[in-house]
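Multiple structures are listed underneath, in structure tokens.
In the two assemblies presented below, chain A is common to both, partnered first by chain B and then by chain C.
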Partner chain A sequence: MEQTNTLLKIENLSVYYGPICAVKKIDLEVKQGEIVAVLGANGAGKSTMVNTIIGLMKAKTGSIQFDGKELTKMRTDQIIQSGISVVPEGRGMLSEMTVMENLQMGVYHHKVDFNSNLEMIFSYFPRLKERQWQKAGTLSGGEQQMLAIGRSIIGGPKLLLMDELSLALSPLYVDNIFKTLVQLRNEKGFTILLAEQNARKALQYSDRAYVLDLGKTVMDGRSSELMDDPFVQKAYLGA
Partner chain B sequence: MELFLAQLVSGLSTGGIYALLVLGMNLITLVRNVVHHGFSHTCIFTMAVGWLVYNKTGMPWLAFLAMFAAGVLVTVLSEPLFRPLSKRGADLETIVLAMGIGIILSELIVNFFNSGQVLSFNDEMKIFTTKFQVGAITVSVASIVALVACVVIAIIISTYLFKSSEGRAMRAMAQNLRVAKMLGVPFGKTGVLGFLIAGLLAACIGVICIMCLGYCNAEMGDSFATKAVILMLFAGQGDIKGGILSSILMGVVEAMALAYLPGRWAEAIFYGFMMVIIIIKPNGLFARKAKN
Partner chain C sequence: MSSGLAYFITLVIVYILVVWGALIPFRAGLLYNGTVYVMAIGGYTAGFLSKTFGLNFWLCIIAAIITGLIFGFIPALGFARTNGIVTAISSMALIFIIQSIIKNIDFLGGTRGLRGIAKVPALPWFAIIILIIFGAFLYRLFNSRIGRAWEAIATDPQMAQTLGVDTRKMTVIALTLSSVFAAVGGAVFAFNIRVIYPGTFSFTFLLNVMTMLFVGGRFTQWGVIISAPLLWSINVYMPEAVQKLSNYIFAGLLIIVLMLRPEGLVTRKMILSVKNFFKGLFKKKARETV
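And now, the complex of A and B:
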């Protein structure tokens, strides 16, 4: 399954909110077909990293290479067009639009066969098919998360960024959602970068992981190894 | 009964014009989250440009073409002014900017067109001048054509907003700009497109007003703008269908009030009704629940 070519490579990245440094130095690499988790507490810089990858925030130093392109010089719409999709923190529903319209927005920038991809989404998330004409704002939290994932994969992106996927979901749903991600990777070959506070689940379902602290990459390795690491256990798994 | 029918036709065509005004302002609201008070002035400005070109050349079609050019130019050129304000989520400043544009356009009309006199249009510009008699009342062909044109234009633009991917992107920007950007909607390009369509619409409104009213002056911008802004807030900012429906309702109620209510009370009663609606339904008459 695992291949050797690198899809995303972040080197020496720093990002500032005015004078305040949110990301000091992140180095990270995602290979084709991998599920990579980025762990860290609140304020560690995970969301800032995601927002910088898609160009909503500008990097002060460093580079973000994706599929042969330098993303730090591109606009958000160009970055999305080059094959990156996001599941935003808090799910980012367009709540006044129907489920169907939300899915249609997912292919805004991607030239794909909408109908056949729609069938694929509905086969993974049959609930969305039942509710396709309902407004997204009327869905339950779990259903909204399904919609957010469906909307992000319907355009057939090369890389999926998922910001705090497990936030405000019941533990049962969290397992379901992560299992679906693994299934999507195995069956459709998606490459996924997870920014997660829920370190236990993220390590359980990812291949590799990075640990961020105060805007720096402090550890990285195979998820199974990090799970047994005494520092990670103490700081992030509450063991 | 005949009076009622006559007022209904005239109310519907006035309502149609209001509907297009509100639609244009809603288009701009969708992409830049501003209440463009100066949009009505833009419509009157296109009329003035049409008047000038016709008086200089005598060619009505050239005049109409110039109106469309003026509408698009004024609207699209104002977009870069709104962009930085919209980017930083400004609220009150955008009102100042929009009113400023309206005032500048009005002053331009006063100073450069017919030395501030009323601009009356020639029959060639009005296109439809025939009137016919139904029983005891007179119906002008122009008001019927205007009504049909309003309906057709409103349908085309609503269909565009609800069925096309660009239209959907505009609505997405209005709902959640951050998410729209994350889905790849280009903030600059889609905004300019929204302003461009609004500019074309401004010229359409100008042409319809020439047909129905046959004259214009600088003050019309203000009276149109007041009504359009109130109607827009009354229906809910950015609510496309609500805006159209409440505009038509207002046109008809106004016409009826003029015919059946004594003297100057018509407007006071209507605005009173509006005030109550805005107080008890803060998100607009047609909003079902609070937006999150």
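And now, the complex of A and C:
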């Protein structure tokens, strides 16, 4: 697991909504095969960071290096094509399309063997197989989250971005989902970047973590160490 | 086939083709009203080539497809950068622009219209062949990678981008293909009516097309096959007193359908159950043979 090649490197990133600064200065690094969590309260800039990585928002300063490419100058579809997949905040279901069509959209830009990857997804999420011809909008919250994850991994991306994965899910379900992510990393070698408010779970299942506050990286380190850090405990774990 | 019936069938097929042309951008979430504009171009291309050079029907259709591609593609480059109401209004403007351009071109007959388009005796049969070819093409298109991308854009453009869809490129493809349908519709129209005026390709025509689209059902390609003959027969087979009121009837029907059946006469659910019915039949047959 301890690999040295960096997959994603964010340096000195700042993003503005008009005159309002949403991200002041983020520095972050994700290595191949890692699960990295980005923690922070509401408005810390987690979602803005995710949206900037995939090009939906434009960076004002700084650079985002992914796999040897500079993402800040690319269009969203080109960035996705270069091997990043996203589970957006609120899951981003295409609710009028069937589960199968949603999964087909996941391989839109990839030339991969859809059928064998579909079997892989169904082995991790058997519920999706039962519901493959159902409209995505009729699934339960947990099933939608499964579909969102399945759709993001079916194209075999190099990096998975997950924005607020645990939002609106029951605590038991959150554990399930995170366990599946760890399993996916161990078995398929995915690299995962989590933006999470649920700091306790995120620290429990990730290898390393960054703490954002008001658009700045204020702390970083191994998750197990951050879990014991008095500041993190006080601010994010409520201990 | 009596000449009246032949005329009716061909005109209905023209409407179906043009409504399909209007349906494609709709499926991609675009409020595009330029179909009638390309229809005029397709009609005048076919009419002019037939009158001046005596080209036969199929060559004129191919020429209409090519001009449709070109004249659909050029404005599409602009519409790829606009959305919503801007696209709707500016594409409507194209109709008025093409009308005044044609009015001022002498070799197209100006306001007097283009006369002397060759008579094609087998026109309704040719039209049916075209309808089947284009219908099959549209069915494949909607169930392809491109079709899914359009549907994703219509549902949530940002999510579509996040899945790697190039929304601008897909907009251009949608409008260009839509223009091909409209241009072919225009060409068949020219051969059917044999005299075309710039005034024919007007706002009223667009309203007819949109009424057929909404009454038939704007989510599937099958709705218009029912709504086009139904609505147009009001103009042809009803008593004259009713015919005069056809515009009011169209408007009334449109409002009633949108209120009672917002998806239109043919809904996606209906299509799905028909598909499942046929799937069931084939499964049973397969079992019987075993």
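Throughout what follows, the second predicted complex is superposed on the first by the 239 of 239 C-alpha atoms of A that agree within 3 Å, B and C clash if a C-alpha of one lies under 4 Å from a C-alpha of the other, contacts with A are read in each partner's own complex, and residues count from 1 in each chain.
Note that in this section a contact is a pair of C-beta atoms (placed from the backbone, for glycine too) under 8 Å apart; a residue touches a chain by one contact, two chains touch by 3 or more.
Note that the coordinates shown come from a computational prediction; the quantities given were computed from them, not determined experimentally.
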Now for A:Leu237: first (chain B), second (chain C), both, or neither, which partner does it touch? neither
In the superposed arrangement, does A:Met97 touch chain B (first), chain C (second), both or neither? both
One more residue to check, A:Met105. First (chain B), second (chain C), both or neither? both
Does chain B (first) or chain C (second) touch A:Pro88, or do both, or does neither? both
Is A:Leu56 touching the first partner chain B, the second partner chain C, both, or neither of them? both
Touch check for A:Arg75: first (chain B), second (chain C), both, or neither? both
Footprint overlap on chain A, comparing chain B with chain C: 54, 56, 75-77, 80-81, 86, 88, 92, 94-97, 101, 104-106, 108-109, 151
Residue set of chain B touching chain A in the complex reads 165, 168-169, 171-172, 175-176, 178-187, 189, 291-292
Touching residues on chain C, where the partner in the complex is chain A: 145, 148-149, 151-152, 155-156, 158-159, 161-167
Provide the residue numbers of chain A that touch chain C in the complex, in ascending order. 54, 56, 75-77, 80-81, 86, 88, 92, 94-97, 101, 104-106, 108-109, 151
Interfacial residue positions of chain A with respect to chain B in the complex: 54, 56, 75-77, 80-81, 86, 88, 92-97, 101, 104-109, 137, 151
